[in-house]
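Right, one structure below, let's go through it.
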Amino acid sequence: MAKLPTDISDLVKQFGPSLHRVPPGGWADTREDDKLVKTHCCFCGQQCGIQLRVQNNKVVGFEPWEDWPFNRGKLCPKGIKRYMQDEHPDRLKSPLARVEGKGFEPIGWDAALDRVVSEIKRIQERYGKDSFAFLTGASLTNEKAYLMGKFARVALQTANIDYNGRLCMVSSATASKKVFGIDRSGNPWSDIVAADVILVAGANISECAPITTDYIWRARDRGAKLIVTDPRMTPIARNADLYIPVRPGGDIGVFNGMLHVMIKRGWIDREYIAQHTTGFEEVARAVEKYTPEFAAKIAGVPSEMIIRAAELFGPAKTSFVLHAKGIEHHSKGVENCIAVMSLVLASGRLGREGCGYAMITGQGNGQGAREQGGKCDQLPGNRDISNPEHRKYIAGVWGVPEESLPQKGLSAIPLVEAIHEGRIKGLISICFNPVVSLPDANFTREAFDKLEFYTNIDFFLSETSRYADIVLAGSLMEEDEGTTTNTEGRVIRHRKVVSPPEGAWEDWKIICEIARRLGHGDKFNYSGPREIFDELRVASKGGVSDYFGMTWDKIEKNNGICWPCPTLDHPGTPRLYEGGKFGHPDGKAHFIPVEWRPSAEMPDAEYPIILTTGRVVAHFLSGTQTRRIGALMDQAPEPFCELHPVLAEKLGIIDDDYVKVESRRGSVVVHARVVKTIRPDTVFIPYHWPLDRSANNLTIRALDPQSLIPEYKVCAVRVFKTDAPDDAIASLEVQAGGIR
Amino acid sequence: MKNAEFFIDYSRCIGCEACVQACGECDTHRGVSMIHLETIARRESVQTAPQICMHCEDPICAQVCPADAIKKTPDGVVQSSLKPRCIGCSNCVMSCPFGVPKYQIDIDQMMKCDMCYDRSSVGKKPMCATVCPSGALTYTTMQDIQRTRRGIPINEWKFGGEVVHTKVYVMVPPEVERVDINLVQIANTDAALPRDPYDVALMLENA
Amino acid sequence: MKKDIRNIARASGSDTMHATTWGLLATAALIGGILVGSRGLRYFDPALVSYAGATLFAAFGLGYRFSMWLRRPPTRLYWFRGWEIFLQPHRFFGNLAHLFEIVWSNIVLQRFIGRRSRMRWTAHWFLAWGCLMAAAITFPLSFGWLHFETLRSSQQIYRAFLFGIPIVQFPVHSIVAELMFNALDIAAVMVLIGVFAALWRRGRDHGAMAVQQFADDLMPLILLFAISITGLFLTASTHLMQGLHYTFLSQLHAITVIITLLYLPFGKFFHIFQRPAQLGVDFYKRAGVEGEQAVCIRCGSMYGSRMHMDDLKRVQAALNINYQLANDTHYQDVCPPCRRKNLALIQDNMWKSTASES
């Protein structure tokens, strides 16, 4: 019964999103803080240090934390205003039960949990264990992520657990494992500063990882050159030394073309290649045909740009490559990453100061969440769920027979497809808002309509929670404690700032209680997250991401510790691959040849324009949190469609017109933003808004065959001018999906 | 931070508005942001720029104030208007060469950046310069800026015939001695530069 | 503007001479007022002579300071423009109505302060009306303008005289009498409420604590506190302690009042005289909205009144601020947002020029 219980406007009226603007006690009040708690921003994988001001167990304000080495007090607007999610009027303070025709009504915890457990049992008895699935998230702490993985495998005993990191990091993770043998950024961010040339490939750093701007400028102040590839001229691209406006999906053209030139001109490190890598000859053969002219056709840019990029990157003494979703959100996302990694390997510039590469994590704990077992094919410690040795070890830690551990399950998109096909009947989710964040949103909504039972743990009633039968009131990041692993692979400590409001529970308590009621209480008998972490350490011991040598106290004392950290006296490993030692059994890095191929849906006569999607600086992911913060909504109230004046003129569109953007899967109506800073064959819409304002109504459910990441960055659309919409959705407040 | 100065480098701004959001968090402003963040011309480029009070040595805002409402502290910080005096006439708003003071219609008063006096007067950094992730706004010592930046800090400006010295420095390429505003630029008028430097379509023309 | 030979923002002659003259005039006018109002000192109370003397000094100071202040180009311009606009025949009655409105809302109710913060309003309203009430009683008393006598026919009836003319009479034991004779105590209590509210705010408000200065912000509160508390002691001494230490207390009270009077022209209290003088700005702004608007030469948007921009050019000329640009353009004709954008463009281009060279 997972259809919406009542009209969306009724639900919005009752549960928001509404805007929170003024801290408790008001601006004019004179605030004497009870305490100032050092913790981290939850909005992105950089995990900047912040301090929260607390008064009477309420978060009343914010203060920069200048001693935290990663961001030294620097922040983006999200980090500053994130405290406005505390004391929010929309906050869920009790479990809710769906009431047909009415919406939701508060119920007691006992009744709610009984209902959840009896539905899990009913569905699993009737349709099999795997018919009840679990979707979890990458913004949870390591402790929670670990618990979710264990809960799915031990208590639910379902193979079908996956996480929203599937929408984020999996391409780079897969590529990194294949090429280097380890899934992690190779270097700490401090190495960016020491680089002579920086290649930013498909990363809108100024909006999605703003703090990294500081590192790049510190390098540029030393004289470093900056190369940026992006279909849109982003703020850091504006004054880069070289900006390459690559066609969405044409990245391999740039990378293979650059490698071609570098080989031709002798700007590769043959000695390094010989000693520390395998497979270079195949790659060299593969890029042979990627002459600048050929490569330029694929990339959709002038060939001089590719030559110039090679000239800047090739002969440099030190270099750093940063990449993100711009090359990863593709049906060839893994190959895109491999191609850029080949550049790094061929230059021999990695594993030392100022030399290396990093993948920028989008989600709060994108790195950690996949290591601890939120991913359908992984067990804690980055272990492989289909590897008998790995299974045995984890089964031992958990005290369950190895045979009882499920095998690899479905990843996020196939999981939702299985719901749509009726193969999965029940779902529990946490920290995931799929009806906004998954591609092809109309399909996702249809799938949720078909669930027999859906329960969701959340602190606000997200767009997806509206489909739930039971909503369990969970906790915000600052209402619980634990660790996350930031984009550098650095494990850091999140302190408990306040306790959850009366009626809401810490997430781990909810999960443990469900497990207990399912009859697995003995395996989930924790006194708190610290105990979960201690078990996680053991579970990760001997794995690739080894946390065994870390304790919370040690993490705090050292301002975070980078894995692997195998023993208690080990200082951690900020920089990987030192001395050319890689993660593969042969100790070498593996060159892998990649060929460009078209994206799943290329523009054609019917849908002639490429749509690419992304973020704005004021919002985080599906916007459940940031669309509730007044100051951030003021900064970015609505989505928009960026298009070039050349294209706009062809379509008869002027700035601020209402435009309808349509793909084979759906449409949105948004305002046009006519700008010269985007390719004329491409339009851009940010994806943080729901319903008729959701860019994911348009995007395609095409997946990378290796990483199973969806192709958010390329699909075919048409755009035309339209009238101001006046339907019920359009007249909602903008944070709920309306338009003004 | 002892002997710290404020340095501004418009060209680095990424338009994230962290400064705007942080400004309102300061106890001397409380929910009202005093900093300006300009989007220069969004159709043409993504260029944005912050503007804080430059804290002139001889502030024109104070000179044109009919109510003696704008005062400078002994350490050279030009304060927001004195509430008992300010009459909301906007002389300062319209005369400031940097376009800094803001007329707050709800309280019929001028308010402006005071370098977060509650913070900077006790050795803390102003909010905006603490959070700015691009280095467009920096609060540090002169030695530190000279050591770490490729440009030089200057604090002399000329608006038509008016020479203005400011407490806040601007980062410029070496050898520039003064920022001279003798002609208001509608767009880029420097002949050495491409006419439309941020037009992606022009960049792709010979693709 | 070039035709404008005489710049009204620019005052001629020596500042000190003018100010001294106005100071002396104010003092002379007050002396005249005292002589006439007390009917040739017939009703002047010699016991209050020190108060009257301090007031005369304050009058000189205020006249001097006021004149000095009005000679500053921006003040001078608004002063003349304000009267000019106020007295325009076609606006006059409208202006009069508006004057009543803003006096009521800005001075009587002080609504504009309430919009800044409620605590600030509470403090200021009690301070302001406590002081004004006290002043309305003590000044006429010390000048001999106001005195009380019992009726010859009945010791039970009091009669109040203003300028020697009987204006009202009331029984000694009536509520009116109680209010009348305790008015200064009521005023003192109001002032004390205001002082404590202000100190409470200043002691807790982080923002206020950062910017407040002793001489400007705390000194006036201390003075008002001293006057009020010594005044209340006098009442207490009379009614509760059979006149204990009365002479000493009355001298102490006199000293606090005299110090405050001497401080009047120089410190924070001067705003009491400045603020009403600047009601004219309100009329100026209204006239500006109705008149021609200034259009920015860079972006073409309206950003204020033409009159304001032209007057600012006059003020700047009087202050020797030279905003004349090349090409016969003037920086005053660029709107503030365009000034900011222009600066950013110029600085950004400096960097681009160096980048294209390298």
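Quick notes on this structure:
Letters are used for the chains, namely A, B and C, taken in the order the chains are written, and counting of residues starts over at 1 for each.
Here is the rule we go by: contacts are C-beta pairs under 8 Å (C-beta built on N, C-alpha and C of every residue); 3 or more make two chains touch, one makes a residue touch a chain.
Because the structure is a prediction, the values reported are computed rather than measured.
Averaging Cα atoms per chain gives one point for each, and the point farthest from that of chain A is the centre of C. Here the chain at the heart of the shown protein, by mean C-alpha position, is B. Measuring from the averaged C-alpha position of chain B to that of chain C gives a distance of 33 Å. One simple way to say how far apart two chains are is to compare their mean CA positions; for chain A and chain B this gives 35 Å. Chain A and chain C have Cα centroids separated by 60 Å. Multi-chain contact residues of chain B (touching two or more other chains) are listed as 11, 13, 30, 47.
Within chain A, contacts with two or more other chains are made by residues 28, 239. Contact of a single residue of chain C with at least two other chains is seen at positions 205-206, 348, 351-352. Every residue of chain B that touches chain C in the complex is listed here, in rising order: 9-11, 13, 26-30, 36, 38, 40-41, 47, 49, 51, 60, 63-68, 79-80, 83-85, 87-91, 93-100, 106-109, 114, 117-119, 121, 151, 159-162, 170, 172-173, 176, 179, 181-188, 190, 192-193, 197. Interface residues of chain A facing chain C in the complex, by the touch rule stated above, are 28, 30-32, 239, 241.
Chain B meets chain A in the complex at residues 11-18, 20-22, 24-25, 30-31, 42-48, 125, 127, 130-135, 148-150, 196, 198-201, 203-204, 206-207. Chain C contributes residues 69, 72-75, 77-78, 112, 115-116, 120, 205-207, 209-211, 268, 271, 274-275, 278, 281, 284-285, 297-298, 303-304, 308-309, 312, 315-316, 319, 321-327, 329-332, 334-354, 356 to its touches with chain B in the complex.
Across the complex, chain B is touched by residues 22, 27-28, 61-62, 64, 66, 71, 73-77, 79-81, 206-207, 210-211, 213-214, 217-218, 220-223, 232-236, 238-239, 243, 245, 296, 300-302, 617-618, 631-632, 635, 644-646, 655, 673-680 of chain A.
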